[in-house]
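One structure coming up, written as structure tokens, with questions to follow.
Letters are used for the chains, namely A, B, C and D, taken in the order the chains are written, and counting of residues starts over at 1 for each.
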Amino acid sequence: MTAYVVLGGVVLAGILLVVVALLARWMLAPNAPIPATLRTYESGVDPVGTGWAQVHVRYLAYAFLYVIFAVDAVFLFPWAYVLRDAHLGVASLVEMGIFVGVLVVGLAHTARRGLLHWT
Amino acid sequence: MGAAMSVWEVVLRSVAVLAAFLVLPLLVGFMEHKVMAHMQARLGPMYAGGFHGWAQLIADAAKFVQKDDLLPTAADKGVFRLAPSLALIPYLVALAVVPLSPSIVGADAPASAVVVLAATAVGVLGGLMAGWASANKYSLLGGLRSAAQLIAYELPMVLAVASVALAAGTLSLTGIATEWRPWWLLWQLPAAFVFLAGGCAEIQRPPFDMPLADSEIVFGPYTEYSGLRFALFLLAEYAGIVLMSLLMSVMFLGAWHGPWSGPLGWLWTILKAVPIAFLFLWFRNSWPRLREDQLQRFAWLVLVPLALVQLLITAVGVVMMR
Amino acid sequence: MIHAWPAVVLATCLIGIGAYGVLARRNAVLVLIGVELILNGANVLFVASGATVSVPSTAGSVLPLFIITIAAAEVVVALAVVLLAFRASGIDVTEKS
Amino acid sequence: MTALDVALVGFGLLALAGALLAVTTRHIVHAALWLVVALGSLAGVYLVLGAEIVALVQLLVYVGAIVVLVLFALMVTRSPIGPSRDHATSPAHRGVAAVIAAGLVALLLAVLLPIAGSGAVTRQVTSNRALGADLFGTWAWPFELLSLLLLASLVAALAIARSRAVTGKEDA
């Protein structure tokens, strides 16, 4: 687990990098904002409404799919250690086959309902 | 790596990883300048630094630092400021666990393959935060596209990594590369393809650059960013190319396996990563952008099933050969 | 060497904060955030007891994995319902992206 | 206090601060982002407690998937920049909630602290290999049931999210 101490050090180094970079900018860059440069950029046209706009719900369907399959993928990792095991190897193959098979039904269902096709 | 590690060693390792993180993306960026130029029958940068414009990106960095860093009035200031770091630092963490040779590795975590995946999964938040905090419709749309794309392609990548981890019987990248045998090139070929496509989408390079799509939504989540913060996003993109190329090399191409691999192992790992990085640049020059829905369909109906079939092949192979 | 009680205090406080979030918030998504905190408090307890028992046991790691899975399933269904409620409130969320 | 204790308390305080801000901030999207801070620090807590896989899964699934889903849901519904008063509850309401939450904490502490003990013990690091063996051995049946739960929730969520009943039109 000592590797994670190094990873902590690496994260601190990354934060330090960003801080030093922004400090350099603070010292070197001019800061002369005018209202026009601070306005929301909408391709040269005057901005309409506020920045928040409603976007399509279809993105949520992808997120649903991902969350479900991400947790499925989680169990693949411990599996890597078990598959070579003399006692559990074949049994775990069958268990994982059923587990993934059930979820593939979900993916097939999603595809059949046309959620992955836009018009 | 011994159980006890002095503070100095931790500092030294962190600084070494940081140095690699700053130098390698510059090399890839320069390679892109030149490769792209020659593919388009141009010369590319020729002046900065003298020899074929080698210092062009350093000059660019000096320019970015001196540019006015705009903070739009309507933006959510705190989140807006934080987003570039959140896009950048995960790649640094991921790079820290990638081994160049059995002994040259920043942090040899027991489950380093999962560390890489967890880090890139956290990186998704960077684009989403940038898109939302910019208070710009293009940005929000780009941020959503970016997050939807990253999560859609994260999954095939997870499955591809799981496949090699199964084949090697370990979650450590060092362990995977040690167990690697030349015939894995064939056995793990579908996983390698899935990882390459997923990796290309993960770093949002053409043909998977819908989140940026300059002709549709200006520059996606980065529309409102300027100066140094924008440069940090760019650095993250090139660090992503470095990371994905090295991972391909370590997991699928055998990393340090090759003649004289003892002392020169690290050189093999890097030499195997260079063609992959070249591929990413080549893709950008050869292929047009996909459409948003085509992108999602490709992930869910091609890559995920392919990766699942690969998992089955790997698992049955491991059980048969045991 | 490690003490068990800081982890227990952390878990308890997380559960308390989560409960406050569930009780004091009216936005459904914010209530959900409170629920997630409660679930994480339970996870901390599991992991802490797995780390401090005298006999090595993996249950302290397996059960959190299960809880995370169940949390994922719960969030997916809950957010689908939230979305439905939002549509039912008469706002058109089908605007072309 | 040992080095592990210091690390645990550090990550724990960070997690508590994130959690507290997540349930009190008036900015809806900020609440989800503070939740990221809380969940990320908890991954650190799990690492200190020697549960590597749980820590990484926390980042991969909780931060990378569940919070992203929550942010998606916020962004397709209503999430303006700046504080939002629509969902605020009255101070009395919040006071009662705080009292109930404090009571819950006191009750749980009274039960759990005596069990936890006050002495230092050896930290057990969970081996990834043992975790796999138990998951596919001892816990095989709950594991299989989880796949059914996930399938059911996916189908249900898609059915709800696309129900025609409310908007009366089908788009996609």
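Convention: a residue touches a chain if its C-beta (ideal position, glycine included) is under 8 Å from a C-beta of that chain, and two chains touch if they have at least 3 such contacts.
Keep in mind it's a predicted model, so treat the numbers as computed, not measured.
Q: Give me the set of chains touching chain A intersected with the set touching chain D.
A: Common contact partners of chain A and chain D, which must touch each of the two, are B, C.
Q: By the contact definition above, name the pair with the higher C-beta contact count: A-C or B-D.
A: Comparing A-C with B-D, the pair joined by more C-beta contacts is B-D.
Q: Suppose each chain is reduced to the average of its Cα coordinates; what separation in Å results between chain B and chain C?
A: Taking the average C-alpha coordinate of chain B and of chain C, the gap between them is 31 Å.
Q: Just the number, please: Cα centre separation of chain A and chain C in whole Å.
A: Distance between chain centres: 19 Å.
Q: Compute the distance, rounded to whole Å, between the mean C-alpha positions of chain B and chain D.
A: Taking the average C-alpha coordinate of chain B and of chain D, the gap between them is 28 Å.
Q: Where the centres are mean C-alpha positions, what is the separation of chain A from chain B, in Å?
A: So the centre of chain A lies 13 Å away from the centre of chain B.
Q: Taking each residue of chain C in turn, which ones touch at least two of the other chains?
A: 65, 68-69, 72-73, 75-76, 79-80, 83, 91-94, 97
Q: Quick one: which residues in chain B touch 2 or more of the other chains?
A: In chain B, residues 74-75, 109-111, 114-115, 121, 135, 140-141, 144, 147-148, 151, 154, 158, 171 touch at least two other chains, as defined above.
Q: Find every residue in chain D that makes contact with two or more other chains and list them.
A: Residues 50, 52-53, 57, 60-61, 64-66, 68-69, 72-73, 75-76, 78-79, 81, 125, 128, 131, 133, 135, 143, 146, 150, 153-154, 157-158, 161, 171 of chain D touch two or more partner chains.
Q: Within the complex, which stretch of chain D touches chain C?
A: Chain D residues touching chain C: 1-2, 4-5, 8-9, 12, 15-16, 19-20, 22-23, 28, 31-32, 35, 38-39, 42, 45-46, 48-51, 53-54, 57-58, 61-62, 65-66, 69-70, 73-74, 76-78, 86-89, 93-94, 96-98, 100-102, 104-105, 108-109, 112-113, 115-127, 130-131, 133-135, 138-139, 142-143, 146, 149-150, 152-154, 156-158, 160-161, 163, 166-167, 169, 171.
Q: With touch defined as at the start, can you tell me which chain D residues reach chain B in the complex?
A: 27, 29-30, 33, 36, 40, 52-53, 56-57, 59-60, 63-65, 67-68, 71-72, 75, 79, 81-82, 128
Q: What part of chain D is in contact with chain A in the complex they form?
A: So the residues of chain D touching chain A come out as 47, 50, 52-53, 57, 60-61, 64-66, 68-69, 72-73, 75-76, 78-81, 125, 128-129, 131-133, 135-137, 140, 143-144, 146-148, 150-151, 153-155, 157-158, 161-162, 171-172.
Q: Residue numbers of chain C touching chain D in their complex, please.
A: 1-21, 23-27, 29-30, 32-34, 36-37, 40, 43-45, 47-48, 50-54, 56-62, 64-66, 68-77, 79-84, 86-88, 91-94
Q: Using the touch rule from the top, collect the residues of chain A that touch chain B in their complex.
A: Residues of chain A touching chain B: 1-7, 9-15, 17-18, 21-22, 24-25, 28-33, 35, 37-43, 50-53, 55, 59, 62-63, 65-66, 69-70, 73, 76-77, 79-81, 83-84, 86, 89-90, 93, 96-97, 100, 104, 107, 110-111, 116-118.
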